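After this come two complexes, each holding subunit A, first together with subunit B and then together with subunit C.
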Partner chain A sequence: MFKAVLSDSNILKTSFDAISSIVDEVQMQADEEGLRLDALDRSHITFVHLELKKNVFDEYQCKEPLKINVDTEELMKVLKRAKSEDMVELTTDEGNLIITFEGEARRRFKIRLIDIEYEAPSPPQLDYPTEFEIPFSLLKDSIQDIGIVSDKIALQVDEDKFKASAEGDFGDAKIEYLHGEKIQENAKSVFSLEKVKEMMKADKFSETAQIKLGNDMPLNLYLKMASDEGELSFLLAPRIESEE
Partner chain B sequence: MMGKKSYLKKLTSKFQIPSVDVGKELDGTTPPSVFIGSWNYPKVYAGPMITPVEGDTTIMDTPESWIANQKTQEDIIRYRLNLVRGKQLVGVKDLENGLVEKLQEISLSSNSIDSEAEFHGKPRGVSFSDHHPPHGPSAVIEKFDIESVRWDRDLEKVYYDTDLLAKEAVLNLHQEDVPFSQIQKAFSVGTMGIGKRRRLVPTRWSITACDSTIADHLLKEVKYYEIVDKWRVHEFASLNNYYAVILLPTPWQYEWMEAFLHVLGREEIIFSDYEYYNGKKEYSRVGGCYYTCKMAILESLARERRQAGVIVLREAYSGYVPLGVFNVRENIRNAMTQPFLEFEDVKSALDYVDTKLKLSVDKFIEQSDLLQDILRSRQTTLDSFF
Partner chain C sequence: MNKHTGSYENREIFLLRWIEPFFMKLFSENYPDNQRLGQLLIRGLSKRAFITLIASCKVFYDGRATSRLGMGDRTILVKADGAFIIHQDRNLEPVNWQPSKTKLAVELKNGLVYLKGMRRNPTETLEVEIHRGYQISYYQGEDSQDLELAGYEADMGDLIWQRPELIEPGFRATSREYHTPQGYIDIMGKDREGNLTILELKSRKAGVQAVKQLRRYLDCFSDHKSQVRGVLVAPSATDDALEMLEKQKMEFKAMEAPRELANQKKVTLKDYFK
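On to the complex of A and B.
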């Protein structure tokens, strides 16, 4: 028996907005602790991790561990239909994930579970020289600013500032932000803007983004719900300059 | 720099080739062929194309068989300028119109059809375009009679299925190996799609609509396949063109680059466009050939069940005449079915292509977005950080 009720449908909507643009099939794992998901995109460039502990939910029951395999595009189609004031309930039956929206009316959708061989990937454990927080909206805006001039974005951090920059054929852009944190080292990596944009779709998950950055290392972006009971994190492989 | 549109306009206005001379009345065949203009949309000039030539004239409107049968540029132009375009102003939703019904009839056939036409005046002019193959003189058509027509079974099936989305119809027909030109013709005269949503689609739009519908579908499939393990070069040359298709051992990404060399005069001019893994939203700045080429390459990748990044370099030389995007489609299809060469890295692949190009490959690199990207930096995967 699995049942999870959330009064805020936006959490699922915003998470899967990002997740569905990264992976097309996914396995959610439910147990008595809560719901989690680990996924790696087909090209092994982005890793995404979602964890919603049982206290995130207004009601949560899961007697036995359960694997829920779904097509993320189908799931997103349904979640898009949620109104922000709707309660959302997740349950399963033989072969379906059942999503019910409770609002003015009671709306129920069934999404067929898919048959996939899935081994939940585990991300590489990396030690980063820097770690800092910036407002998520600032990060998202910076990405859009950069989009005007280039398809790649350089993210860097030094003692004082976090910088996002790009050089394009027709112009350059640079965004600087005083982070006010204790950072001893400089770090810089370059990423594909298209890939970073996918992660930016989760803009309703958290107001702050925790970032870990190194030199030519993956970007670690960590979003935490205010309640501390939910997290959404991403790991994005960098682009590296050719040696020649 | 001159845009591609204005360059091609200049190029196509250069051709003053005489076309077939016919009077107000024409007795002959339609290959079958139809033409729907885009001017004045949604009230457009639609009509059949008819040739005074008797017998089997299918080849005149079957671009798939031109390169395969080693037709020369002159052969193709001769075929096309033998086609007289009849036209009438019709609303795109007006499928009950008597002329439109006949256009649907002929578009569902795969054989040429005896036809008789009466024009308002003597057909005049000639039309060259980068998009559709050229055709001969045109005139307002007043009367159009055809012999009885036997329909192609696959086309007939989608015609009667008024619950089938136009997109699904195109994909089904492509799956059944119906030639692209037939699918596109039938699509343009409103014989596909949900009953009440059917309409005429201008020829140039219908070509890109069919190309991109098929390409999008194939790309979804191809993204599931394993990535090719080496750099590859596929190539083909015909009709004063050279095409090199470079396959990259990366996830899907695609760049189209075309150089026009001394076609007008002394010019050496490159146009290009590209997309990353997730594709592009806006219409390509180089026009329909972008989608045509993408479709033809994806056809081949899907058949091979492999994924790759793709860079296409095309050169058009002096003597080149714009014959429509079929030129790109069939040249690329031919390139993809030829034996290919394999390389260990990007440099040796480009060095090889450089020996085949008239323009230096550096000029292409200079103009490129994706290729430059690949040379300057590479996308790593998370696997390399474990």
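On to the complex of A and C.
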């Protein structure tokens, strides 16, 4: 028996908006602790991790561990139908994930579970020279600014500032932000703008973005719900100019 | 002694656990019966493996049009991303195909195996009715690289933009993809004397079409007071194109499209998974 009720439909909506643009299919694992998901995109560029502990939910029951394999596009189509004041209920039956929106009316959708043999990938443990926080909206705006001039973005951090920049054929752009954190090293990596944009769809998950950055290292973007009971994190491989 | 043998066996089991994934990277079976073939297809699909099946079959398509392919021996491919492709023993192109994200299902009916690909937008179904399977194989490969290409007009544009002197000494490139009612001009610039110069780039041998295109761009500047030069830039041009250029007082500049690949290394998270 699995049942999870969430009064804030935006959490699922915003998470899966990002997740569905990264992976086509996903396995959610439910157990008595809560719901989690680990996925790596087909080209091995982006890793995404979602964890919603049972206290995130207004009601949560899961007697036996359960694997829920779904097509993320189908799931997103349904979640898009949620109104912001709707309660969302997740349950399963033989072969379906059942999503119920409770609001002005009770609306119920069934999504067929898919048959995949899936080994949840575990993310690499990396030591980063820097770690800092910036407002999520600032990060998202910077990404859009950079999009005007290039399809690549350089993210860097030094003692004082976090910088996003790009050099394009027709112009350059640079965003600087005084982060006010204790950073002792400089770090810089370049990423595909398109891939960073996919993560930015999760903008309603958290107001703050925690970033770990190194030199030519993957970007670690970590979003935490205010209640501390839910997290969404991403790892994105850098782009490296070879030295030939 | 016994103890020694025991630990030896343990080591073998341990090694096997590591070897198995490599061993199982490719699975292949010849002449499976239809029951078995159905199971193997389901297994390959659920592993999201790249399936290759050689079989005697019929193929039915229904969607934007309707097609039917009678009995014959075919190679059927299902790629890891859901691309579904059927090849006959001739021609470069597949006879039937559906793109990635096709949803596939297997059914066993009246002793025959049905492999069915479904798409919703547009609504279409591609069904293979398999009478006899000769060989099925599937593998789970790792390939995260994308094709790198060079030798296109855009690459020529990049080169000229960076090194305009390659066109002629004193030439300055001032804008790319300049919009005119006739389309976008590849590169516009000024020569040593300050004359407006329009470049039309072709990465292969240019014909009269390219000359006509250049002519149309020049005509957009017919009210320009001073001289406007038109230069066709290509590795070579046909005789009638060269003749037409000369007659209309336009020029030709021979230039090859650069074939150097960008030195961008593709890094994946797997590189950090060590």
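Here, the second predicted complex is superposed on the first by the 244 of 244 C-alpha atoms of A that agree within 3 Å, B and C clash if a C-alpha of one lies under 4 Å from a C-alpha of the other, contacts with A are read in each partner's own complex, and residues count from 1 in each chain.
What we mean here is this: a contact is a pair of C-beta atoms (placed from the backbone, for glycine too) under 8 Å apart; a residue touches a chain by one contact, two chains touch by 3 or more.
Computed from a predicted model, the values in this text were never measured in an experiment.
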item	value
Overlay on subunit A: subunit C relative to subunit B, clash or fit	clash
Partner chain(s) touched by A:F162 [first = subunit B, second = subunit C, both, neither]	neither
Partner chain in contact with A:D151 - subunit B first, subunit C second, else both or neither	first
Partner chain(s) touched by A:S192 [first = subunit B, second = subunit C, both, neither]	first
First (subunit B), second (subunit C), both or neither touched by A:D115	second
Partner chain in contact with A:H44 - subunit B first, subunit C second, else both or neither	both
Touching partner for A:F205 - first (subunit B), second (subunit C), both, neither	neither
Overlap of subunit C and subunit B interfaces on subunit A (superposed complexes)	40, 42-47, 123-124, 126, 169, 217-218, 235, 237-242
Subunit B residues touching subunit A - in the complex, by the definition given at the top	223-224, 251, 276-278, 369, 373, 375-386
Interfacial residue positions of subunit C with respect to subunit A in the complex	42, 45-48, 80-81, 101, 142, 144, 146, 158, 161, 176, 263-274
Residues of subunit A defined as touching subunit C within the complex	24-25, 40, 42-47, 73, 115-117, 123-124, 126, 169-170, 216-218, 235, 237-244
Complex contacts: residues of subunit A adjacent to subunit B	21, 40, 42-47, 123-124, 126, 151-152, 169, 190, 192, 194, 217-218, 235, 237-242
